[in-house]
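The two complexes that follow have chain A in common; it is paired with chain B in the first and with chain C in the second.
Take a look at the complex of A and B:
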């Protein structure tokens, strides 16, 4: 169920815990293999629990796709920092990155599965958000 | 109001010192109703700001504020980084190099609106807005330095009986009542430090 990988919507996983972010990414890979550009980030700049804008920007760059990038976040600061990171992107990229309102692990797996079928960014976001709505 | 280079450096050191010296207190407040990282996060952010001195103070006031905001956004982490960082960045965008009081009133209003948008929040939810909004009202109403500083302290105190409906403390529901909001406390400290520095400049 994978189409042309590089053209599919990229997935970024942002958790306060690097272990959760990495683990969720492992679960995504198990589901979709290399069909979807994927990156994860977690922890503050000193390596403690938290999130940081620089890490999120780097993850967006890693998972970049012309089809856009869907970001899955855990708690408050992860969302606020992700939205901040999106605003700091070059103007042409800003509208092609969306933060999803979905549980981070389940949302990432669902979003990646949707993406691997070649769906649009809007459809990927909708799937992640609707599954638990 | 005109701040020369030395005054701008004093302002930066005053702001940073207020948060760094109270980092343990902010952590204790955050441990009670949050994840306990507010003191450490703010300290890390303002230490990074101080590390950009003396070059930072070579910038004009608006450019300096924008640079402080960007450093905080990148270094603080947590929701406070984007929120406090956005306040400084927007203040820098809205202020002229030699602001009048009316400029300050207008620019802080814009900066507060940006914080509201960033946090999708309003005053009354037990966040830093519960300090920013009432302090702005005193500033806009013509209050002097003492009135502004005093309102900053009292507004932070008034968050203690509030129920948190935004931020990590909202997870605690009713148990968030009875503790001062850490973000309100740090905002209050920063305002107090800014007033102290600026008042010295006016009276110099």
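Take a look at the complex of A and C:
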């Protein structure tokens, strides 16, 4: 579910479906490699489709990097729960976690590619969001 | 900041150009695009690609832009590189294309 590379922006994948989240993470690992901290989470607390704040917080912790963390989400609740999770972070970390407005799979691969080159959190987010530009 | 440095570097170096034919079966699709941008990001030089000798030129360090080029197998990929490490950068990206991005 995770692994790390110091210094590079971490990537968190949040989907209503754990299979989608895990699959997107697989794509990132295979296409981009291991130089980027990465974690995924999906499903509600009962194991159904949905997202949960605790799971997102845990994923942020797993993918944490001093350079920050970019979160890729799918629909509605994934975004609001991710924003809630960011609000619950210690104050020093809050500003270093950003939710990207990008498609979850493509955005995760692009964000990780950008991160693997040592780019800043802002550059990682900008690159992922180019998909909708 | 990095881009600004690359631009400054580009201004003081004569651009190097070269081309290579895409040999891997699906062309410059997702995975090769990621490999190309990762390779390009390893250099300070400004690195651009195009499907024609006179452009339009695309920033090789932008994964989204590189994927949008949609270069098919058999296409000739043109490179324009400018910067202090331009020579090494050009050699590295050409090697990647010649090698079929490791998947030919």
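To be clear about the criterion, the second predicted complex is superposed on the first by the 129 of 133 C-alpha atoms of A that agree within 3 Å, B and C clash if a C-alpha of one lies under 4 Å from a C-alpha of the other, contacts with A are read in each partner's own complex, and residues count from 1 in each chain.
Everything that follows uses one rule, which is that contacts are C-beta pairs under 8 Å (C-beta built on N, C-alpha and C of every residue); 3 or more make two chains touch, one makes a residue touch a chain.
In this text the structure is predicted, and so the values were computed from the model without any measurement.
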After the chain A overlay, clash or fit between chain B and chain C? fit
Identify the partner contact of A:83: answer first if only chain B is touched, second if only chain C is, both if each is, neither if none is. first
Touched partner set for A:109, first chain B, second chain C, both or neither: second
Please indicate which partner A:68 is in contact with in the superposed arrangement: first for chain B, second for chain C, both, or neither. neither
Quick one: is A:37 in contact with chain B, with chain C, with both, or with neither? Answer first, second, both or neither. neither
Touching A:50, do we find chain B (first), chain C (second), both, or neither? first
Return first, second, both or neither, reflecting whether A:18 touches chain B, chain C, both chains, or no partner chain. neither
If touched residues of chain A are counted for chain B and for chain C, the larger one: B
Least C-alpha distance (whole Å) that remains between chain C and chain B when both complexes are overlaid: 27
For the complex, which residues does chain C have touching chain A? 2, 30-31, 34, 37-38, 41-42, 61-65
As the complex stands, chain B meets chain A at residues 35, 37, 40-41, 44, 73-75, 77-83, 85-86, 118-119, 167-168
Given the complex with chain C, which residues does chain A contribute to the contact? 31-33, 109-110, 113-114, 116-119, 127, 130-131
Mind listing the chain A positions that touch chain B in their complex? 44-46, 48-54, 75-77, 80-81, 83-84, 88
